[in-house]
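Okay, so subunit A shows up in both of these, paired with subunit B first and subunit C after.
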Partner chain A sequence: MSLTATAKAGPSRPAGTGPGPDDGRAAALRRTWRKASPYAYIAPFFTLFLAFGLFPLLYTAFVSLYRVELQTSGEMEWRGIANYTALFTDEYFWISLRNTFTIGVLSTVPQLAMALGLAHLLNYKLRGRTFIRTAILLPYATSVAAATLVFAQLFGRDFGLINYAIGLVGFDPVDWQTGTVASQIAVSTIVIWRWTGYNALIYLAGMQSIPHELYEAAEMDGASRWRQFIHVTLPGLRPTIIFTVIISTIGATQLFGEPLLFEGSISGGISHQYQTLGLYMYEQGWGFFHLGRAAAIAWVMFVLIVVLVGVNALIARRRARKEAGR
Partner chain B sequence: MTALVAPPTAPETGRPPQDPPGKRVRKGGAGRTMKGGWLSYLILGFALLISAFPFYWTIVAASRSNADMAQVPPSLLPGSNLIKNFDAVLEEADIGKALLNSLIVSSSITLGTVLCCTLAGFAFAKLKFRGRGALLTLTIGTMMIPPQLGVIPLFMLIAELQWVNQLQAVILPGLVSAFGVFFMRQYLVQSLPDELIEAARVDGASTARIFWSIVIPIARPGMAVLGMLTFMTAWNDFFWPIIALSSQEPTVQVALRQLGGGYVNDQSVIMAGTLLGTLPVLLVFGLLGRQIVGGIMQGAVKG
Partner chain C sequence: MPIARAAKRATVRLGAVVLAGALLAACGSGSGDSSDTSDSAGGKVTLNVDLFGSFGFKEAGLYDEYQKLHPNVKIKQSDTQDEADYWKSLQTRLAGGGGLADVQGVEVGRIASVTQQQSDKFQDLKEFGADKLKGEFAEAKWSAATTKDGKVLGLGTDVGPEAMCYRTDLFKQAGLPTDREELAKKWSTWDGYLELGKEYKKKAPAKSAWLDSVGSLYGIMIGQEEERYYDASGELIYEKNPAVKTAWDTSVKAAEADLSAKLDQWSPQWNQAFAAGSFATIPCPAWMLGYIKGQAGDGGQGKWDIAKLPGGAGNWGGSYLSIPRAAKHKKEAYELIEWLTAPEQQAKVFQKQGNFPSSTGAIEKIADAKDDYFSGAPIGQIFGDAAKESPVQVLGVHDQNVMQQLTNALSEVERKGVSSEKAWETAKKGVANVIG
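Moving on, here comes the complex of A and B:
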């Protein structure tokens, strides 16, 4: 990881404070403390991190092999891989897996594309730049719950504003709750609304670290703004784009609050038409009390994320190599 | 929308306009020399409109009656029922208690996280100790792992401790922020010169003394940004609170879930609750939005 590589070497030991012969003992004590004291600074964080962060992460794999019920979570009964086989024979698992994928694509692709376009515009010299940046981040400040409740209302079938607007243009109202594609579009819209501005700012930060000389050189070669965007901005932004793709993929895999609150049911619609893996896990664990089974779902989600991030990284590396070879 | 009516920018001077004090000016990028045309303003104005409209609509809906909401050409103007709807939501869903709980939870998490992460970030940035690299990699590595993965054992743990429905069940796990440690470490690596620490050591200052009199004052702006981001995240956290808490001891998000789950059937009242739950964080954002934008953009440019 490049993070550790950027770590500067710590301060060299000051030579002037070396122990003299008179205060050898006190100095030795001080030296020992100086060696040990860094651990005192990381101790508060790591104590909590071990108890509430790391231990639960590792223990999930263990729990997923047991039968654990919500009411009696202290009693664990060995089941081996039975939680997983039960999962793979459950029709709703496959539905939620597919939904997670389709909603993930429906929300991530437009979101990042629009964020890229907005970042490009924000990178121009603009009046009220700070105001625009702040305003565009506003949706990020809302909670999943608040955003979903408002959008659920806007997407209402009979009195929703969106259907009213669609009616004005001359189309029939859409049933945003029961239609599979329609409901998934609605849920994706909430995600897109909340995260586009955030991603735009991340792209903007990336764009601002592209050296100005590259644009000057491109301009001298007579490249149009569009060609500059394609040949200077996009390649320069590649690490940032990969970063956002990975972060959004992880976010999409965990999608939970939007499908839960869109109608308020834990099954993600009457026919599970927009139930995601995250919601399916909640339904199994806290709706049906099967914590062991829910742990198995959590583990499947984790493997899914690892695979998706791996595939992303592989594609990114292959493209980078291909371009370097040109 | 001011962006829409703004006239074209002043003639090219070659230098970026001076940003307000306290904000770092970045160089480079295409935009510093290219002016945005009217089309840029139009598209951005449209984007701002879409960003802001749901907020406006929340106010409209929260200030009307349920019957108004079923009007067929829906009215886009606020009505006069705001206070009445606030009263209803305070009474029916006990949003008052939820707001207080959210305030307690978010403030505790913010204070604790900023303190823990500044301590650890300082150690990782400037102190030498065995296992530093490995521990930092471990911490940052977990940032990629979804919270869902740990939630079941975490629930079993707090059930064992009999903390279900108690606020510490949300506060203590909330103090764990790998991002916070990473953020403070990056901040201190960049803004705290090694020479300053060395000079203090030569003067005989202990590490604790250095932390209080040198690190803290320098880290303050970074701590402020981390604090705001943490407060927003904690206030808006949804997944863990609805598992660990219930209707007896809700945070705002838990209360909103109950509102949306058919607990109350009056759309205007639901929107009034949503408005009350969003206002505090909007207030924070309105006051400190520029710093939050700066923090996100800073966090994005990773080492």
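Moving on, here comes the complex of A and C:
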């Protein structure tokens, strides 16, 4: 009906020649609506994004060019790129960058490897597997704060359960808070504990989209389960793996809650030994109230994440192309 | 059953009347004084009090008492244990101008920041007649909360005269004397204190150190000084101040002699150690008594004692109650803080929690106070003497932050065996980073 209406009304009535027939106007309205409605439907997201995503991003960039202190936030003093250049000579910035990287590797690599293994096991026919699948997501449902506080107790130097267990085996207690490697392992453990199940479920979903015939064929060829995993599961999961790697990279770059609550120290331990970039930004902004500097760190982190994700994507694409060429 | 129904009906009717009355009152006020409207049920005013550490008002039953005296007031307290966390969130809310309580606590290490940088964000209490209280407070306490142009931004709750708290049971096990007079003589100097520590270490029970942390040792020593990180003109002088150097060096000595339990003050481990007997002595400003009682619990009753501090009197900490400009019920808040900081109430808090009064009237009242928890130590006399003799300190804008960086660096010496020189460099870097 609307189609015929447009066909009739469209060309027959030149603009501005008095009131046209009613159905013509309705049709025009309908046409505009049809064109505009998709925009209206997506508008809520973009409005929210503009207000809470893009605006803060740009405003942060603006603030990062000034010296702003929280206590006297009305007074802004132009600094140009000095907030950024200062970072290059700031030892604590480099320490936190290095920590972010090492904790990122320490947590992401074992986490994804374990998730992959778990998913592979969960993919078998198990009794009560729905229960098990739900159960491995439980750590993810725990709040960071609660999990970290419990782990901080476990890793306590004098009264911690882990040191007690180590003592039973006959080793000296480890100072999990003070040692650089020890503290980073401890923080990574919390991350691994929280995210392994989550990634395992993503892998599991990916595995279930791999055609069953491939496994049957492999089995007919006499491939062991391990070989099936290497030659069927892994290639089939490649896009999923790339996705989790990117998500984990972003997560690792922004790591904040675990190191903050581990000892309740905003400087990431007495010698900044496990301070991540996120924590350093927080220390500058809400520990020392240097908002301009914190904003500069935030932007550096943003650029860093974009670069990391870009590199990830590039590697992924090159691999995909290689596969296609084979 | 019918009675219950009748009662129910009556309640409903009464509720309707009260509600209507409240609505009418709300309409009538019109002009928008929020104290009338915001807490509609029965016209009650809810005062939010946001504090850190242990001010002891609740423990001493002061809120209950005040609510009985003022039936229209309801007091809600929130409390953050670590002052650094508290200050962070307070600053964020001040900058945003929202979410502020009617009464906010301010630590003495922050009061210079309030009077010098943020005087426009806090209420001048003179508008409510705080002037007439001037004579009731110790001179230094009052002047620290007064701006250059004469605004009064806070009323003092307590001061932090210093002493040394110790565990008599651990001392006995290590074969040391436990009498407070005798100990005060033995550790009249800090060197004497360290020597006694070495003696303790020889025969100490397993897993028990002489001192909780070199951070608190440094803190208590720096409290004995008049000039610390800033001079009177507001210039940062900590690098060349010999007083800072002495406190630093003594702390390093204690760390190198392995006298401390290597704990981080205010950390969960530190809290656990109070009850576990991980350390035999802890430098204690008066407000620490309440903290010790809280952490060591009933099991510590009678095991603790208090002696005079080595090296003379000092002051560490003490707080103020302030009213932010953005508070909802300023007048009622002022009435509350005037009452809470009055001599009678300060004396009560001292008897219950040990926070030493800043009001001169209260100091007289508590001269004979003793504390059973601390083996009946004459706390009124010990802390009273210390308060009288302790120096009037020069306060600076970043006092608290500078102190934190220095104690952090000392922890490196204590826990990682870093050399004193290297740690000092770290501290300087840290301070530069803070002050930016």
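General observations
Everything that follows uses one rule, which is that the second predicted complex is superposed on the first by the 276 of 326 C-alpha atoms of A that agree within 3 Å, B and C clash if a C-alpha of one lies under 4 Å from a C-alpha of the other, contacts with A are read in each partner's own complex, and residues count from 1 in each chain.
By our rule, contacts are C-beta pairs under 8 Å (C-beta built on N, C-alpha and C of every residue); 3 or more make two chains touch, one makes a residue touch a chain.
On a predicted model such as this, the values are computed, not experimentally measured, just so you know.
Contacts of A:S73 after superposition on the shared chain: both subunit B and subunit C are touched. In the superposed pair of complexes, A:P110 makes contact with neither subunit B nor subunit C.
Taking subunit B and subunit C in turn and counting the residues of subunit A each one touches, the greater count comes from B. In the superposition on chain A, A:W286 contacts both subunit B and subunit C. When the two complexes are overlaid on their common chain A, residue A:Q153 makes contact with subunit B and with subunit C alike. Look at A:P173: by the touch rule set out above, it reaches neither subunit B nor subunit C. Once the two complexes are laid over each other on the shared chain, residue contacts for A:Y92 go to subunit C alone; subunit B is not touched. In the superposition on chain A, contact is made by A:G264 with both subunit B and subunit C. The interface of subunit A with subunit B overlaps its interface with subunit C at residues 73, 152-153, 158-159, 264, 286.
Within the complex formed with subunit B, the residues of subunit A that make contact are 1-4, 6-8, 10-12, 14, 16-17, 34-35, 37-39, 41-42, 44-46, 48-49, 51-57, 59-60, 63, 68, 73-74, 114, 117-118, 121-128, 130-139, 141-154, 158-159, 161, 164, 193, 196-198, 201-202, 204-212, 215, 225, 228, 232-233, 240, 243, 250, 253-254, 256-257, 260-261, 264, 278, 281-282, 285-286, 291, 294-295, 298-299, 301-302, 305, 309. Subunit C makes touch with subunit A in their complex at residues 82, 84-85, 88, 91-92, 94-95, 113, 117-118, 207, 264, 266-269, 272-273, 276, 278, 401, 408-409, 411-412, 415-416, 418, 426, 429, 433-434, 436.
Partner subunit C is touched in their complex by these residues of subunit A: 70-73, 90-92, 152-153, 156-159, 175, 177-178, 263-267, 270-271, 286-290, 293.
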